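One chain, chain A, links the two complexes that follow: it is found with chain B in the first and with chain C in the second.
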Partner chain A sequence: MIRYVLGRFAQSLAVLFVILTASFFIMKAAPGSPLSEDRALDPEVEAQLMEQYRLDQPVVAQYGYYIGGLLQGDLGPSIKQKAPVSEIIGGAIGYSLAIGGLAMVFALLLGIPLGLISGLKQNTAADYGLMTFAMIGVSIPNFVLGPLLILVFATGLGWFKSGGWTGPQDAILPAISLGMFYTAYVARLTRGGMLEVVRQDFIRTARAKGLTEQLVVVRHALRGALLPVVSYLGPAFASVLTGSIVIEKVFNVPGLGTFFVDAAFNRDYFLVLGVIIVYSLLLIVLNFLVDLLYGVLDPRVKVGE
Partner chain B sequence: MLTDDPRHFVFALSSDPETFDPGVMSGSIEGKVAYQIYEGLVSPPSDDGPPVPGVAERWEMSPDGSTWTFYLRDDARWSNGDPVVAEDFRQAWLRQLRGDIASDYISFVRYLNNARPFEQGLRMMPRFFRSVLVPVLEPHVGARVIDDRTLEVTLQQPTAYFLDIAMFYTMFPVHRGTIAALGDEDAFRPENLVSNGPFRIERFLRRNRIEMVQNEHYWDGDNLGLDAVTAIIIEDNAARVTAYLDRRVDWMHEPPNDQLAILSADPGFRSAPQLGTYYYRFNVTQPPMDDLRVRRALSMALNREELCRCTLDDLYEAAWAFVPPLPGWEPRDLLRFDPGAARDLLAEAGYPNGEGFPELVILYNTNENHRVIAQAVQDMWRVELGIEVQLLNQEWKVYLETMEALDYMVARAGWIGDYVDANTFLHLWRSFDENNNTGFDNADYDRLMADSIRETDPAARLQLLRDAEALLMQEMPVMPIYFYSQFHLVHPSVEGWDMNVRNVHLARWISKTPAAGGTQ
Partner chain C sequence: MTDAKRQSPAEGAEKVTDEIIEGTSLWADALRRLKKNRAALIGGIIVLIMASLAVLFTPISRYVTRYSHTENHVCLRYMPPGARGVPREHPRLFAPDTHSFADTDANGDDRVDSAELSALLRGIEHAWIDRDDDGLIDARELEKAPRSLLIEAQLVIDRYDANGDGGLDVDEAEPLVDIFPIGEAGMFIRRYDDSGDGTLQAAEWVGAPRPQVFWMGTDGLGRDVATRMVFGARVSLAVGLLATMVSFLIGVTWGAVAGYFGGRVDAVMMRIVDIIYGLPFMFLVILLMVVFGRNIYLLFIAIGAVAWLTMARIVRGQVISLKNQEFVQAARAIGTPPMEIVFRHLIPNALGPIIVYATLTVPAVMLQEAFLSFLGLGVQAPDTSWGALANEGASPGVMLNYPWMILFPGGALAVTLLSLNFLGDGLRDALDPRMRKD
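Right, the complex of A and B next:
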């Protein structure tokens, strides 16, 4: 087990390094400078800033300095915001995690029961209704759903604010917009898992032993039915967090995604890289956790062998 | 809601300020905050009037206009209670010249006598010598502290609009003690910031809000109509409109163009000319734009009135000159719409009815408004001159790079003036100006501009600037299209918020009536 974890750790570091290196050079290859504006800088001041951010050095040297700083835990400065990248990310990540977390909770709390009902009542009106809902949920992009929710619940009913962040209540609409796709997807996965599991021998055995339908579902069927959902959790959570870019823009939430997009447009190199590191770490860690969890749920999977 | 509080003013800001260091900042976003938390020697009034007393209660100009003496009020205080003294201003300016910080608007400090030689000398000097030489050279820069309350500013040349320069945030004082203790970067972090304006920063949440409260040491605190000011950061301009309509903000700026017609019925809608020009650059270094006749033909074929009417809902004023209207400067009609003459000129240049004319490409940065205008221009040129025009949009930073590299034929551009003087629009086209980006290089123009800076007689100076503009329009490296307007939504309960061409609004002048009516 420890060997497995260490192996995965080394693997993850290598992956992170490759992502970083590729991102660094791709970004440097993009035309445009972080210092260019419609009002041109004074040439001497520009030279001073180039020196300050080491932009006057060859790209390879810049890369060396950046990696060197990283090894000492320094994510570098934001060129545009004139503040350390770590500070900006530290201030923004909470919002993204809140929205992403709430979206996932929403997806699981709603998606799993819907999927179960659908699976247990296969080919009934309830099943068709729920799966139609799931189909719609999967099909509507969140940048359409977000403004629709704003129109109905903020502008129309006045229950929520149309954007910005003053407290946790402002996470609700963004989380629903973000979580809708995953709710629908989780419902479909649960239904599929359920349909497969209820046909298995061990379920028949459980029934034959005279267990109530409730016990059969909760104690025996559910575990197996949720396996596809669990394996989906890691990528889903990661994509909820990284996918919140659009939603953060729509709802004007000061999260990571907002900074990521603007940093890319501004060629704010270090801020872009910093956010990429955070996103990559999230993906890597979450996938790892799912692998561990998978072993717990499915006795056939032995982690570390 | 915050806006319900009659002592609390809430406004929407379109982005985070990049910095709170007045020596580093360079945008209008930063200005919208800086003017609340700092105070210069003189302050912008709420309207288009001349600068009013700020930290300086009065000032004198020498007869030749090159020396200004500012008398500072003795009750001006920093937000920590320290007195604001003349040295705070002097050091704020010197730190820019010394290169302690990278100052975007260093050109403003260069108005001081000997500023340029001091700055250039230091830049050329190895770091080691700088610390030795700075104390020797600094006294020669044209900012002399006579005593804590008296600052004598000597300018390189008499500058008629120097008060407008002194009013600008680049010239704000800095708290020397904080810089000495924390360094140039940390001293201006919101949690450490010591400022001298009517308000101070209480809290800054990135991409969320800036909370400002009254500076209890402010000299004119008794006359302030507000206890607190909050800037809510909302990037999207349609979302800013919604925030205003929901009563979450008292003031929002720049509603989207396509909503202006509807919003103009709102009781809080305000519009006025802004100090800015929307124009196209011609790359005069390459054919066919290197031919003056071609440039003039293109300009003459452009019906600006119709363009403003059809694509801009008549919300902007057609520009027949480069400098927009400003106090003491009415734009003249230096250009005209004359498609017949345009066709003649084009024929003269060797392209009768547009035959043989290479395909023109209009470059613009990706934006719906720019696209609509480019399409209108494309259409007019095609119809009037019979030439083929392509549109090319590029992402902002790419577009900037393309323009700087002179890798374009015609490019969309805009300029917002930094101060209320024609110079802020005309200096751009000097051959050596870093904002030129057209390849335009005209010795007569450079000379007129240099003379205008040296000229002390206001009427004669104005005439030199007029001549320069006329020459510019005759040579046509840039083709003005329309003058900017500014649009705002200001809740009717807000008083003391006036439209002004500088587009600078100080919470110092603002108050709110408690009985606030609804907006809808």
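Right, the complex of A and C next:
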């Protein structure tokens, strides 16, 4: 097991390195420069800035300097924001984690029970009602839902602020807009998994040996029913991260996504790369946890082989 | 099966056998079940209608809404749904039987030039803005002018009111030509000036459009939202379909091969998937769009090439749980080649989940296209998609004042996605009887 974890760790580092290298050179291949602004810079100033950020050197040398800095834990400076990248990311990541995390919690805590109810009470009014709700949930784009929620709960009822960030309560509307899709999707997956599992032999065996319905569901069926949900978690995390870019824009939250898009447009190389490192690390860790969880839930899948 | 037929004793019996075999084929059976599912049928019909509209509309749009998706009218910004396509007085101008060419042709040289048309339009606009018909535009009327002017109306009046009577008359309104609706005259002439001599002649004048109705209102540039909706449908649906096909082909093959062969093959193949997963999707596409320019084919490929990852993982999971079952062992035992086991035995048995995920990929992909358009990386103006249209309407200022801007594209997206989802569910129930709801 330890060997597996270490192996995964080494692989993840390699993946990160590949991503970083590819991103670096794609960014450098893009036309434009972080120094190009609306008004032209004084040539002397520009030359000085170029030298300061080493933009005057060959791309490979720049890459070497960047990797060298990284190995010492230095993410480099943001050329546009005039601040260290680590500082900017440190200030922004909290918002993104709060919104994304809350959205996922919302999706799992609500989606799984709803899916279970629906699956267990198949073809009842509750099932149809829940699945219609889930269907609508996966069909409304979050950037449509977001403004609608703002209109109703912020502008209309005045319960929330329509945008910006003053405290944790401002994560609620964004998290609902972001999490609605995943809630509905998880409910659908759970129901599907449940229907699949309850028809299998081991459930019949469990019932035949006289277990209560509750025990059958919790001990035997739930595990299998959650497999599709678990395998969806990896993509879901990735999608929540990217979805938060849009949601941050709708709700005007100064999170990581906002910085990332602006930085890409502005060719703010180090900030773009820094955000990518953070996103990639997050995804690598989450996907690793998902794989472990999958092995726990389904003994047929042997983690580490 | 062929052997069975050969062994049948009589011609008649052979025919019967054939019919029975046909009647119980998986796909015929599935189709029969699908036809019974009303929600899926309605969903399918809606999707078909949307798709055929999107495909057929381009050549007929000029006869239906009479607008192209790029035609704009600055004086008609943010007109609500059902508004007339031209201001109150314009029908007279555009309809040759009620407003004569000669009236407009002030200097009588049998040509209408930009200045003459401007003068006429200015008079008409002035009369139109002058709601109380006192011959003067006061500050209140100026504020209600169709551009939804957010300028300080009183400041404008004070500045241009030469005779100081507190209002603008027609002549005083002249300097406003450039910032006011009247500026359209030049554009109007260019548009209908078939001979290209910079003037409209009587015959060209007759060809000018009659007033139309904006069934879904207009946007911030005075373009017809209904027309743009249909043009947008083309892009949205095409992205959904093509990107899903890309993801289906790559994902199913990749996942099944990785899952079946397991071991090192699996590890390498899924590591590649992980690598691409590790790259946040939006980042990949943003970089691609930034470097290679924003073009629609790149959009198809970028979305499709990322969407297959999920499909590959799901198919792999399915194949892993299937490959140790007896029928696969049996196939292996009789010497079936590995690739045939994958494509003949494993994939068909995993088809239920595959189809469910494929049909869910279509709306998911359409959503992703909308995401990108929201960030300004999707379809570029003047082309549009439902996502891009919804995004135009999603900013708080626009949404509060002109709700149709978000309601129509948002609604169209939601209805189409809902229909696709119902259709997908119906297909699943039809194709995978184990999951059937009865």
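The rule is short, and it goes like this: the second predicted complex is superposed on the first by the 303 of 305 C-alpha atoms of A that agree within 3 Å, B and C clash if a C-alpha of one lies under 4 Å from a C-alpha of the other, contacts with A are read in each partner's own complex, and residues count from 1 in each chain.
Going forward, contacts are C-beta pairs under 8 Å (C-beta built on N, C-alpha and C of every residue); 3 or more make two chains touch, one makes a residue touch a chain.
This is a predicted model, so every value here is computed, not measured.
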**Asked** First (chain B), second (chain C), both or neither: which does A:L215 touch?
**Response** neither
**Prompt:** Once the shared chain is lined up, is A:L70 touching chain B (first), chain C (second), both, or neither of them?
**Reply:** neither
**Request:** Give one of first, second, both or neither to describe whether A:N266 is in contact with chain B, with chain C, with both, or with none.
**Result:** first
**Prompt:** In the superposed arrangement, which partner chain does A:I172 touch: chain B (first), chain C (second), both, or neither?
**Reply:** neither
**Request:** Could you look at A:G163 and tell me whether it touches chain B, chain C, both or neither (first, second, both, neither)?
**Result:** both
**Message:** Under the stated touch criterion, which partner chain does A:T155 make contact with: chain B (first), chain C (second), both, or neither?
**Reply:** both
**Message:** Taking the superposition on A as described, I'd like to know which of chain B and chain C A:V45 touches: first, second, both or neither.
**Reply:** first
**Asked** Is A:A238 contacted by the first partner chain B, the second partner chain C, both or neither?
**Response** second
**Item:** Larger contact residue set on chain A - chain B or chain C
**Value:** C
**Asked** Where on chain A do chain B and chain C both make contact?
**Response** 30, 155, 162-163, 249, 265
**Message:** List the residues on chain B that touch chain A in their complex, please.
**Reply:** 16, 18-19, 21, 24, 26, 99, 102-104, 106-107, 119-120, 123, 185, 189, 205-208, 232-236, 239, 242-243, 246, 248, 395-398, 400-401, 404, 413-415, 434-435, 437
**Residue ranges of chain A in contact with chain C within the complex** = 11-12, 15-16, 18-19, 22-23, 26-27, 29-30, 122-123, 135-136, 138-141, 143-144, 146-148, 150-151, 155, 162-163, 192, 195-196, 199, 227, 231-232, 234-235, 238-239, 241-243, 245-246, 249-250, 257, 260-261, 264-265, 275-276, 279-280, 283-284, 287, 298, 300-301
**Message:** List the residues on chain C that touch chain A in their complex, please.
**Reply:** 271, 274-275, 277-283, 286-288, 290-291, 309-310, 313-314, 317, 320-321, 324, 356, 360, 363, 367, 370-371, 374-375, 387, 390-391, 394, 396, 399-400, 406, 410, 413-414, 417-418, 421-422, 425, 434-435, 437-438
**Prompt:** What residues on chain A touch chain B, complex-wise?
**Reply:** 30-33, 36-45, 48-49, 52, 80-83, 88, 91-92, 154-155, 161-165, 249, 252, 254, 258-259, 265-267
